[in-house]
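In the two complexes that follow, chain A is the common piece, with chain B as its partner first and chain C second.
== the complex of A and B ==
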């Protein structure tokens, strides 16, 4: 009853890349997505441009989707949610529940790749200090992405273009009180990329980024951070904002300018919260249903160490992308391809053993 | 509504210009920042890109906003060791609303170049400061003592305000003939550009005479311009007077065009810097050397008369060493003098500590004293004395007067300060104790 099919759970960039990779090396794939569309968070959250270079997100993701859906070895199930797991390595049986009705179906597979991704930190949770729900002009990076997609960055309070915009870094990350002690890895680059896009869209605007330390890994330093500062005149200020207070029809952001050693109070028209990553609801639920180990934050734990970053504690179940921790797109597609090779390799070694 | 219902939004106070009126005379005075700060509002609120934009518009000012605040400049900035000034702080101050065109910090940089040497982002204060100073010249913000030197240079062609007729007076007591081109315009190998401090300052004149004797002993074919010589004005340029430098450039090149010579040799690293970096940009390229570069390959041919039995330490001039890469020629000369042992200071060669004289600092000691705990030259003299040396030897005309004063004011009267050429001269003469 063994199956030579790989089930990929999640149809975002990681799942799409895993499915395509399995198919390209000759494996059979079943791609399971709970939403009614493929593309994952970049599509659901209406991303404007991809980090680092800001290429338009939707056409890029669309290309990935087409490569997967057009491939004869890939079967896609949309609107399908995992509800139970039976069987074992080489012969899993997945029960899928339709998102609209109650119809269920079972599918067989030999190996599983979890690509259930992340969700953005909810800025209304645990801390109210930035007044996300009190002040219309406090928004998140994801809200801003949607505005950038529409080529219209405005103050929600009055519909006017903002003159002064700031980003506050590390919202919901690196925070023991909130429980997210990790760095979300991408927000510094996303903030810098979005800051550049605002400056291009609104040349008269003044854009500030308040940060603890700018984490611009590898080429992000010279490809995003330096151009943002040197060519687009984004103002980087070391020191996080503690709180936001209303001041007239503006917002007063208050914090410490740490290199000056003095308090700062700076008026802003639009405040963007650089919210971090948390395990998505799908990641939490799928982890429980499949019985794979999670870390204290709810991400799936890659238990095998740095040289095997896609293995879980269960044989034949692999993980990729932001399901096992904060990841940028490059991390996500790299780990997805890696998981695909591991899954196909596992199934081939099973059939080779059976043939002997 | 304010969060929690109890907090009152703070009122952001605009920065005030701190002036204090004397209760006796009623005269209003600006207090220097170290005191001024006590009266300033603590809270910073004037954040924006406007300050950088104004500076970026000036040719040379583009890189100030590139600073990412790493702070590597801080321990190598000589002024940051003795005061509140520092390149990183300039960046942050401008970002938080300081008008660099109007504050004292603008005049504290000596353009020594050590910050640029270590800066990962290549923020170039050596270009930024002169550009902003030039733009500030039109305001009344120029310190009076610097303005005075600008005017003297403009009127008389030298920073010391001396009559040009006295340019070659030092040569009369050199004890050897010194050829002046106006009187004897035949082609010459070395046109020796004496510059202001060797022409007019008494201790500089000692060095000039020593040079004359050594050059003659080595059989160098050399001559000076004498009363026709005007300063090249490179330090005036770095202090903001580019217009004055350009005007001197026209006058100097017109004079030089009258004579045939193979190369220009100068004892002044600032003039050397102008000849190798600024003159070619303006279409005039000369073969230029610092005097140590002229003498280093010839020194083995000199006839020594005695051993000096001295332990010396050497101060690299910013504009010979760090700015133009010459560290070896002076050391070759020092090493050749019989009975001289060189002990290096911790900060030497490319990391040499500035004497405080560059970029206009030579003429700002009074102004600078309001903003610094001690002169840079004083700090440097302490370091020199710490090596146990008998003599602090130099090869920039600014430094003998600066370090001699500093040796006295720091209680190191026993530390002798002289130019390398004076030690060479001394070792070639029997029974004399210098010029």
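== the complex of A and C ==
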């Protein structure tokens, strides 16, 4: 028996946009989220400002959440994880397990949108070269985002404001040794946005960004990169840091200033690792349960090429956002709306065929 | 190189020490003071935005072909506020620029040649050794320009000064007055100035040098030349009954 319902798996920006889009064009939606709250990574990791414009993240994500929860065509299931799939296109049966324990339930849907997103690269897992676990003053972009949300950027080692801060780009991205050869797309802009926020919060600080290439495509160039350099005097140095050493109560970062053609050793108070994106646990597990093809990194593979970025290798199962690879917010909501139209279109063509 | 908060380590083999480079080391604060003068120039904000470090200015630069000189490094040093490197450049690099402004091709709208113009002015105003040295060969030209308003006079073109100009130079020099009189324009019948300059023009010129502080600029680099010119100008203005 066929279902007119679209199941959206994941309640982050992609899932919220997909759910809202399906509802707004008249479809029934079941939004499934494993956490006990909606909003995904931006809420879970306490993002301060959205890239590129830097507007406060929480109120903006909250608006997305309210638009979804207030819509009569959307049913939200929090604290629910997919545990099994039965049936087929047009009449899937999903088994959901409560995240806390035993109770399971089954729900029906005709099409599925996967919006399970990414997780940040864990700098402690694959490499200890930046001493993420060794030095309290080595943190990640996500750690810094939480500090910025609290309007208090400090050195965790002593609670004081840092005078010299640096970002190290491409940590866990573009690295054959780690196995993530891809670019994570957003870290350059996020580092630049965070650097501006630090300079505004601590006007006497010096902020450096050590990079391989600055990837600030489109309007991010003149909306983030140029202002960071020209108005906020963030120092961009082409050259990656090879290692961090303790030096007194500071950290000494070693690298090459490639455009000046010289090795450099400079003291820092706070080092921020610009960690890339990896498929989230949810993306890996949902991909296996639904039987959709994954790429070598574990992202869900968009098999249909550049003109159909939301189709998977399984009929009636679509994917959006960072579940199929590194994505910024604009990519995420654009692909979510695209997946919503594809899912509703699929169900309508099924019912049109049944009516004939 | 990135500016460190502490003075640069002596063991830094990549930074040419001043004694090796041939100019006097000065305290860190003095370097900061000089750089602040560069930044305080009203043109600075229009000459330096941010640097991509793309190298298009170096590619366009004729001096970069022949010297260890890079307009990119000049822009970078200023953007990074590396006062040690800026000071080194004020003692060395900036005098290798031909001020042709080919570097204006910068996609960010920077003007490395313009930054150098400002750095040169600060070097001259503060009597840096490099400025004195660079201007040694120009003292006669400064004298000519400031005293006559013309840059190179025919009598400066002597054979012993320009041996590579060939044997005709000597012949022309020996009969300079005759050769000049062969020129059609009467104003060119001069040997000690490029052309004949009207008295009124000279008086106005001297007033400009004195009132704008242009004459004061050379006091730091060539005190002798400065007093010769000052005396000459004041005497002339006195004859005209003008108190500068």
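Keep in mind that, in the parts below, the second predicted complex is superposed on the first by the 356 of 356 C-alpha atoms of A that agree within 3 Å, B and C clash if a C-alpha of one lies under 4 Å from a C-alpha of the other, contacts with A are read in each partner's own complex, and residues count from 1 in each chain.
The working rule: contacts are C-beta pairs under 8 Å (C-beta built on N, C-alpha and C of every residue); 3 or more make two chains touch, one makes a residue touch a chain.
On a predicted model such as this, the values are computed, not experimentally measured, just so you know.
In this overlay on chain A, chain B clashes with chain C. In the overlay built on the shared chain, the residue A:313 is in contact with neither chain B nor chain C. In the superposition on chain A, contact of A:24 is made with neither chain B nor chain C. After overlaying the two complexes on the shared chain, residue contacts for A:163 are found with chain C alone; chain B is out of touch. With both structures placed on the common chain, the touch criterion links A:254 to chain B but leaves chain C unconnected.
After overlaying the two complexes on the shared chain, residue contacts for A:208 are found with chain B and with chain C alike. If you count the residues of chain A touched by chain B and by chain C, you find the higher number for B. Look at A:295: by the touch rule set out above, it reaches neither chain B nor chain C.
In the superposition on chain A, the residues of chain A touched by chain B in one structure and by chain C in the other are 208, 226, 229-230, 233, 235-238, 257, 259-260, 262-264, 266-267. Note for the complex: chain B touches chain A at residues 1-3, 7, 9-10, 12, 42-45, 47-49, 52-53, 65-66, 68-69, 88, 92, 95-96, 121.
Interface of chain C with chain A (complex): residues 1-2, 4-6, 14-15, 49-51, 53, 72-73, 76, 79-81, 108. Put simply, chain A touches chain B in their complex at residues 128-129, 131, 134, 206, 208, 214, 225-226, 229-230, 233, 235-238, 243, 245-247, 252, 254, 257, 259-260, 262-267. Those residues of chain A that touch chain C in the complex are listed here as 163-164, 208, 226, 229-230, 233, 235-238, 257, 259-260, 262-264, 266-267.
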